[in-house]
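What follows is a set of notes on a single structure, which appears directly below.
Naming follows writing order (A, B, C and D), and every chain is counted from residue 1.
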Amino acid sequence: MKIGLLTSGGDCPGLNAVIRGAVLNGVKTYGHEFVGFRDGWRGVVEGDYMDLPRTKVRGLARQGGTILGTSRTNPFDGPNGGPENIEIMMERNEIDAIVAIGGEGTLAGAKRLADAGLPVVGVPKTIDNDLQATDYTFGFDTAVSIATDAMDRLRTTGESHHRAMVAEVMGRHVGWIALHSGMSAGAHAVLIPEQQVSMEQVAKWVSEVHERGRSPLVVVAEGFIPEGFDEVLHNKGVEKDGRPRLGGIGDYVTQEIERLTGIETRNTILGHIQRGGAPTGFDRVLATRLGMAVTDMVHDKEWGKMVALQGTEINRVDLSVALDGLKTVPQHRWEEAKVLFGR
Amino acid sequence: MKIGLLTSGGDCPGLNAVIRGAVLNGVKTYGHEFVGFRDGWRGVVEGDYMDLPRTKVRGLARQGGTILGTSRTNPFDGPNGGPENIEIMMERNEIDAIVAIGGEGTLAGAKRLADAGLPVVGVPKTIDNDLQATDYTFGFDTAVSIATDAMDRLRTTGESHHRAMVAEVMGRHVGWIALHSGMSAGAHAVLIPEQQVSMEQVAKWVSEVHERGRSPLVVVAEGFIPEGFDEVLHNKGVEKDGRPRLGGIGDYVTQEIERLTGIETRNTILGHIQRGGAPTGFDRVLATRLGMAVTDMVHDKEWGKMVALQGTEINRVDLSVALDGLKTVPQHRWEEAKVLFGR
Amino acid sequence: MKIGLLTSGGDCPGLNAVIRGAVLNGVKTYGHEFVGFRDGWRGVVEGDYMDLPRTKVRGLARQGGTILGTSRTNPFDGPNGGPENIEIMMERNEIDAIVAIGGEGTLAGAKRLADAGLPVVGVPKTIDNDLQATDYTFGFDTAVSIATDAMDRLRTTGESHHRAMVAEVMGRHVGWIALHSGMSAGAHAVLIPEQQVSMEQVAKWVSEVHERGRSPLVVVAEGFIPEGFDEVLHNKGVEKDGRPRLGGIGDYVTQEIERLTGIETRNTILGHIQRGGAPTGFDRVLATRLGMAVTDMVHDKEWGKMVALQGTEINRVDLSVALDGLKTVPQHRWEEAKVLFGR
Amino acid sequence: MKIGLLTSGGDCPGLNAVIRGAVLNGVKTYGHEFVGFRDGWRGVVEGDYMDLPRTKVRGLARQGGTILGTSRTNPFDGPNGGPENIEIMMERNEIDAIVAIGGEGTLAGAKRLADAGLPVVGVPKTIDNDLQATDYTFGFDTAVSIATDAMDRLRTTGESHHRAMVAEVMGRHVGWIALHSGMSAGAHAVLIPEQQVSMEQVAKWVSEVHERGRSPLVVVAEGFIPEGFDEVLHNKGVEKDGRPRLGGIGDYVTQEIERLTGIETRNTILGHIQRGGAPTGFDRVLATRLGMAVTDMVHDKEWGKMVALQGTEINRVDLSVALDGLKTVPQHRWEEAKVLFGR
């Protein structure tokens, strides 16, 4: 078989490890051949791909990013998109299967193509850990690790200056990174999209900690919506109540804490460093196993499925299951975390 | 309630995070009181403990080791050991429950005490990840992370000198650390206690890699037994077949590779650095949640059980289930890893 | 002797190592006694200090921040400030000498007090590395190390998305952190306060790199002033030429690159993580040696001086030498770095 | 000009950064051409080299090891060695200059060739930091950083088990790595080749620390010779006084501490991880600058010299100066460190 791989959507530590795992297993176990579509679905639609011999995947387990490039192109758009055109492209290039490594949008595209009869499978990828049917996605552990390390640093500077520190982490729709990095760093409040909290409550938590002589650490996910707001503040650059607001939610939370508590407060937006660089050991193992397993699944011609971590095993699940809504932070995890807030 | 915590056996990153999670949840949710027995069961047997107010657990999430100290004392030994004496000690000090944080031996002791009617529960701890009934144990991810980082370094020095590199990691009875760190670092052979392999096979894998112009990396668990041997070589300091052998299995494997392939080979024993220092984010979250959950379980007076990670949830399981044999690397994980060896 | 230590100004990894070095050398070599003023000069002016026995400095070599706290209080302000009051405070508390650990402002205050006859000495501290008379200041190496690590991560995400990446680092008046971290990370342009560069030139460097198929990395110090501007843009929140500008210079540079080159560009502000957390080995050794040396200098009653790294030795220099203007990036270091830009 | 680079002797983080700096400066500033001899002097003697266009040095600043390979071949040995043969090789391949990146042996070879009239210059390389005329050599800071990180980990495990911990670091002839990593990690004794110390003294330091309730950390360089011994114990595998000894000096020191103090003691040999992997920011900057500077020096045809870090500048010095004996740890640095031992 000749198998085409693609990586799509935001990059994520572990993408290269998936590619390596898929190629090594395919070449060594089955004698399959691999090509890599350039820049996600764009490469599929335009028939733009590179050869992927095993020499090309050397040393990729520990390399961040994706050697295939990525984009947010949709496989159904444009004159060359859609299942018919893609089928023609595959035939012309003698490509027998497509492995789409990506998040919700990518997998939704993969499902539509599989539903149309194309030999397509998926590998779940989301740094936010928001996909159903898989316990964790690769990249998430690396993001938590980077955020934890950064917060450990913020703690010492906060203590020295008797300040409150705010750290804004990724998570537009779900709070997994905030929850795990916050618990890991011993945060005194974690603010996530799933739970509206009033700024008065946040200020109360912060004050309680400050009164005990400690430097409060507040972790806020990009998509957190304070009580009283209808939508995400991120990167709007607008104002409310006449107070100036520079950036996203981290800046807003910082200003409100300072205003309500009188405690000097500083914001740090971790930003793109959360999704780059070498994956953690956990993510390398997970990504390698997913890559190996997806090749087995392709070999078995189980189209329309994806591979997923469940407990300690890699299982095959229907793409439809994975696409059944975002995996948000459940209420009991929020209650668990909240015990550690404030006081 | 007044709850006594103890940490027993080899130390492990995350022990302090368990203590912190248990105390914070107990104090804030239930108003419980905590004490910490010094040096594991020794403190129980001798009634030697310290007060554990919440101020004492500040900042512990990221601190390696255990503030309680640890030892390998057995709670049934000596004139003050055994359930009757321990019960008297608990009554005299008004301690209502014991939380034993430890590995197989510790949990077996806890079970025997619980079977004798004492209010004892457990938290699983093993850096080797060899306990049943829990997907992972804290400390394991940190060990894999440290080993991976070290192996990344060994790779570049191996390539520069055209050498084969051997890395000996922990794992007397199971190969989990070797398997995960080896897969993570892109090792060309991983040797584990669960699988006897001949040195000729290892030499073949090494030669194949060397012939492709790369520097072979071989990861070996302390407890690996080469084909033709009956028992573990570790730290025996003896010889076989007239060849000198300095240390443990890593040295033996190194010498044999060099003898059989003619390739210059170097051994590195990672040793104690694998079990010290700050835990990874993954381990901090896991340990914190286990600590919080065990306090809930004590509050519910479910004696004779332990808390365990299953999928993404912390569940309560009977200690007997956890003690039903070592959790070894299963055959399909070995087959999966083996695809990546050699060639 | 009874010696009072203080840490003043922005915190910096290594402050605690200086304190530890000073106390251990003083206690063990000379039998001196130590106290620590709380929050810099505020503690001096208010006579607010804590005892610093050697048990208090245990494990401080690797701990970020300062256990003494810090502030930006001036020793000459307020009803209790000025040399006469401070002398009275010292007599009342039997404090024989003051060691001020701080940057330009702190050392200027120390010099004025020494000129007024008080037994005061200094230890240079600036994360920006902008003090004369010392080759490096502690904290600088840690900041470069953190920034380098972050930029390594930005590189992989830039390559995957074919973007240009901008990293804003500390440095309001000098470009040392930008220069060293940029050279370390292989940046394609480094923008520093010492050198005005037009945005057209920056865009040219970025385009050249992008045309060679690589992801351009631009490092910009907070205090960089683009050609055509009169002053620093940092945190002004104003606009120019009708284009919106959210934050500081990093945002401005990012927008201009995107506007002039058409290449998707992303900014990351490293912010407070650069000054927190465990110091590097280099900074721990430097800070420990400075701390030990300042105790020797106090013992020798050489007031009005500071200790400084020159080559590999710690020497004593007059505070006036250190205060003779900022140590900026010299022209030949800029020319050296510029060879690596663009193309 | 066509310039040939070689890396020789033990590998060292920063070698690739030197190569990159030399090539980028040469190509961009002067239009020079570069080739890389394979495996040190072997490539010179055998005329075995690869083309080094600037695309080949992409991303090398952060890559450990050397892409040129290394060996311990001597340029004067064999039928093709010696200045006449090398001159013929250079003419035949139109190579105008040789840049030898290496330690004492390599630079001695370079000097002999330069004395014979060949256009040869050097770049100092030694992870041990034992070369005269340069304040630091690249690789040393990385080794200290890795060792410090490992020792931080050993500390927590030592404290938990009430053990003494021994860490054996590199340094056959000089104690720089031991001195700096030991000071950085807060070691309670540092044993270096330059200073004979009795095991009774070491045991005294260890006991003093243990009595204060702390876990003693002893750092020992490979080349340390205890009082009463005439030569280095490293890797001899022999015994003395009937006591068994498995490995090198670390094992001996460990056994003696245990024997003399009765305190459980564990050894860790850091070994090859000290010389592999990504260089620190400090080493990347130093190595890049040395590479750039050596190209300038070649352009100026100043043969028989090497580039060296002195203070903050890169200067040119005669190879003879660098070869004038090992740079050992001077007495005043030993006295300084000793203040921190024991008690």
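Quick note on the criterion: contacts are C-beta pairs under 8 Å (C-beta built on N, C-alpha and C of every residue); 3 or more make two chains touch, one makes a residue touch a chain.
Bear in mind the structure is a predicted one, so any value in this text is a computation, not a measurement.
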Centroid comparison with chain D (C-alpha atoms), farthest chain: A
Centroid spacing, where centroids are CA-atom means, of chain A and chain B in whole angstrom: 29
Chain centre separation (chain A, chain C; CA means) in Å: 34
Inter-centroid spacing, chain D versus chain A (mean Cα positions, whole Å): 41
Multi-partner residues of chain C (each touching 2 or more other chains): 152
Touching chain combinations (by label order): A-B, A-C, B-D, C-D
List of chain A residues in touch with chain B within their complex: 20, 24-25, 28-29, 58-59, 61-62, 135-136, 141, 144-145, 147-148, 152, 155, 180-181, 183-186, 214, 278, 280-282, 284-285, 288-289, 292, 310-312, 336, 339-340, 343
Residues on chain A engaged by chain C in the complex (per definition of touch): 7, 10-11, 13, 15, 39, 63-66, 69-71, 146, 149-150, 152-162, 165, 237, 244, 246-247, 266-273, 275-277
